[in-house]
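Each of the two complexes below includes subunit A, the first together with subunit B, the second together with subunit C.
Take a look at the complex of A and B:
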């Protein structure tokens, strides 16, 4: 008996008892509108495929990962450096997560543009929003499991948001972190979430989502002018698929399969070339000179919190996410009928483009986070050589003090250094020495006041140096019409 | 037929796995994240902790040229270790040892000192060089040394000249710089910024230890007790 014959017999034996082949074939061959077998409709199935891949690579990782605070980080290093191909599985899982988020977002954008969430597919959309949240939840908890310095960011900000809930804030934080601070219990909780709770949710809602897709049929290609009405739509759709339908398999599925293949190939290449994501430095509270930063899908939140004026934070942290998620859920109920084609829905298209642009810009800002001081600049970024040669002894002392007093962590010279404050290369064209003194002594505009932390000699040296910060062809700033004002500061003796 | 196909797949898989060692994404041993106190490379330690003030490669920094071979020939390990560990009180040179509030371990300071010696010391200490440490100079005699050896570049009263712009007797400057740093500059010079060493005031008339001490004392005597702030100076 050949192998193929054995397989066929086993299959028949099982089917005789389970009786599943009928429904499966029926589902596979359910008719879909000819117009929907388009390359636009492949993102959902690709997201699904990547999710399955995530389950597989995740399973592999879970066999090695140690969810305890003192060993988690070490076990990732073991995977990266000692376990053969461990790095590759980590890379597949880490990049797979990014791919999945990307695909889910594109899929949602396509559904939104094509009006596919309209009657009768509202519940499909709602299940989809739950899937988006679950995917982001997986990404977030996964980042925490990495338990490196960046993981602290995610947790810190999560705890900060939760902690501001009125009345129950403290308890919520304790529930998330398993205590008032980030510790071993925190990791156990996130491990449970990442490995049991959210995957369970994902499976359940993917099931519901697919069931609804099969039951209600795949959305037809939107035609401008063909309006969705509650009482006629179902009959119209039925007529469409019976007249101009094709079986899902293989007619539409072949594009899905090709795209899935491409995506997986892209994922393998990305993983092989880019390698695993982190872990970066050990999460040690004793290491203070780091600026933890979230993975890219939360970078935009990082930017929002960094850029917002502090007084808006509590309000926005509490209402922002609730409002945004609520709006997403409500989309099909706000515009559940009517025009489907994006050509006739300019407002929807604008909303989509604006949201993507905003998030894109925030992510870009987050990657380069000009608002975070560059904590090591003072001791590691030299004064540009041009600013050293030909300077007087006092000016050189000023240049040293710009380093020693960590001004460089916020201020760039010659394009290097922090970017929290303006670059100082042309300061003398904007400020007179007196104004520089005032800025240093009194601070202001997000710069700390150095008044009591600098001796008069130090101020003199810094000002002497900064007064040279103008291009040779551009004279330093002078007070034009005003007389020297006798403005005294707190710091003056 | 089938066996051959399975064999081919196995070979392919093997090639793939073997190639993985060469894949660009595979983390290299040098990518391994290190705690700051595990760093053992001189280059990393120097460029992370010293280059900001002393310049990349120890030259052309705002603070002293550590790569100066004359300086490295004259200074000894103990002095270097002491300076790097404890900093120089009253100046911008910070302490780096843990026990003085810095971020480096004693082993790392050892690596820094050793690395600086190995890289930048060329040859043995020149004979008759004045020591880098010392004291007990006489300001009045120092004034004569200054007039002969330094004034050609720094001007009769130290207020500067086109050859060496800016005052070396500015009250604020003198408050910020230590006698040790002045002595180091006079004895070892700065090759990057063109400062002569003890053999060059002028060439052929090397300064003696006593003369160095005297001129340092002359400068130290000009250091004011109190520097008024410029922001208090405007009435």
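Take a look at the complex of A and C:
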């Protein structure tokens, strides 16, 4: 018997017991609309492929990673530097997470634009939203397992948000942390979520998602003017796939296969070139010289928390996510029928573009966080030479105090320094010396009052320096009610 | 093995007749399983939610001799959280800011910003606490100076005994459960 014959016999023997070949072939060859075998329909299967890779690299990492607060960070360093190819597996897992989030978001945007969530595919969308949340949940819990300073203070931010819950805030915090502080049981809880709970959810809902796609058929290419009606859609779809249908395999699957191959290759190259992500500093809360930032997929939320008006914050932090997620779930029930084509759904297109633009801009803002003091600016960024040449000793003293009193942490000079407050380069064109004194001593707007921390002589010196902060061609500000005093114009360089 | 072999099929079910004993057993089975599920679920939930129970997390702990804290200065102190496990490692080393005004007059601030819990940093030159996350700023007495924080810095209860500074510590302060 040839090898081929043996394989065929074993297959036949198995199929006699299992009886699965029929359903499998039926599923693989189920007819799909010719129009849906498009390059636009490849993102879901690519996200699935990356998820499978994540399971494999995750399993590999679990064989070495120590899910214990006192050892986790060291085991990550061991993975990066000692374990053969540990760096590559960590890089694949970390970048794989980014790829997966990207693919899931693109997939969701495509489904939204093509109206694929409409009747009868509402439940497919609902399962998809669960999968999006599970993917983001994996990303957040994974960031915690990368147990470094960002993970530690990220948990602190999560606890602070949970602690704002009315009445039971304190208890919710302890439930999340597994105890009164961020420590061993916190990591164990997030390990359980990341390795057991959410992957289980993912597998279950991917199963449901795929089952529904097979049962209800892949969405046809949306044609402007072809409306979805509850009583006629199913018959129309049936007619479409029987007249103009093709078997999913290989007709549509070939594009999926090509794209999956490209994505995996891109992921491998990215991982090999970029290397593993972190960990950064060890999770020692006593090291406070740290500037905690979440990974990019939560950076937009981090930005929102800085930019919301403080009085709305607690309310929006607690209700905003619930409302947003609820709205996502409700999409197919709000517009379950009617026009599918994005060409005839300007509001939907606008919602999508605005959402992506908002999140994109918030992420961009988060990368340089203009609302945060630049903690090292006072001791590390230079004073522009033009601002100190030819100045009086008093003005120079002011320039020194601007550094020494941490003014630069919030105020830039020559484009360097914090961006919390206005740059000081043209202060004299906006404020008179009296107004500068008032602003420094009493504070106001977002500025702390420095009256208690500066002597009158120090205030004098700073004001003398700031009074020189105007371009040569632009006179300093003056009170319109008062006649122009000669010393105010003489202060220009 | 030929293709003529029919796949194995379960034998056809016998037509159902209403049998009162069968209905009774079914109901009894459902009832027993509901009771068993409750018996099982209560301890499982109790186990997972055990951190939520009321427990004396807070206790007095020393920050060291008073000489470590010069008057009119703010110093970083670190204590080992009183409630800890061997595998907590460095995460149980909790920092705090100690301000000694004069004599035995102290203020002990939590490290966590009241906005979202990031570690505030003390700048002795400008006498301000600044937060690196969203720009919260506090004065030397812990009062909010600017930025999004909704309240002053959290303060530990403290006392001076046997020449040492003691604070009552043990849990991460949040708006839901501030320290004192």
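Some observations on this one:
Assume the second predicted complex is superposed on the first by the 460 of 493 C-alpha atoms of A that agree within 3 Å, B and C clash if a C-alpha of one lies under 4 Å from a C-alpha of the other, contacts with A are read in each partner's own complex, and residues count from 1 in each chain.
Assume a residue touches a chain if its C-beta (ideal position, glycine included) is under 8 Å from a C-beta of that chain, and two chains touch if they have at least 3 such contacts.
Just so we're clear, the structure is a prediction, and the values are computed from it rather than from any experiment.
After superposition onto subunit A, the partners subunit B and subunit C occupy separate space and fit alongside each other. With both structures placed on the common chain, the touch criterion links A:183 to subunit C but leaves subunit B unconnected. In the superposed model, A:446 makes contact with subunit C only, not with subunit B. Once chain A of one complex is fitted onto chain A of the other, the partner contacts of A:170 are limited to subunit C, with no touch recorded for subunit B.
In the overlay built on the shared chain, the residue A:98 is in contact with neither subunit B nor subunit C. In the superposition on chain A, A:160 makes contact with subunit C only, while subunit B stays out of contact range. Measuring from the middle, so to speak, at the Cα centre of subunit A, the directions to subunit B and subunit C differ by 80 degrees in steps of 10.
In the superposition on chain A, no contact is made by A:427 with either subunit B or subunit C.
When the shared chain is aligned, no partner comes close enough to touch A:135: not subunit B, not subunit C. In the superposed model, A:404 lies in contact with both subunit B and subunit C.
Of the two partner chains placed by the overlay, only subunit B lies in contact with A:271; subunit C stays clear of it.
Minimum Cα separation between subunit B and subunit C in the superposed model: 6 Å.
The interface of subunit A with subunit B overlaps its interface with subunit C at residues 282, 284, 289, 378, 404. Chain contact summary for the complex, subunit A toward subunit B: residues 77, 80-81, 84-85, 87-88, 91, 148, 271-276, 279-282, 284, 287, 289, 376-383, 385, 387-397, 399-404, 408, 433-434, 437-438, 441, 455-461, 463-464, 484, 486, 488-489, 491-493.
Contact residues of subunit A toward subunit C in the complex are 9, 12-13, 16-17, 19, 68-71, 152-153, 156-157, 159-165, 168-175, 177-186, 282-286, 288-292, 302, 305-306, 308, 310, 313-314, 369, 371-373, 375, 378, 404-407, 409-410, 420, 443, 445-450, 452-453. On the subunit B side of its complex with subunit A, the touching residues are 17, 20, 23-27, 29, 32-36, 47-56, 60-63, 92, 94, 103, 160, 165-168, 170-173, 175-177, 193, 227-232, 234-235. Note for the complex: subunit C touches subunit A at residues 1, 3, 5, 7-8, 49, 51-52, 57, 76, 78, 81, 83-95, 111-112, 115-121, 123, 125-128, 130-135, 137, 139-140, 145-150, 170-172, 174-177.
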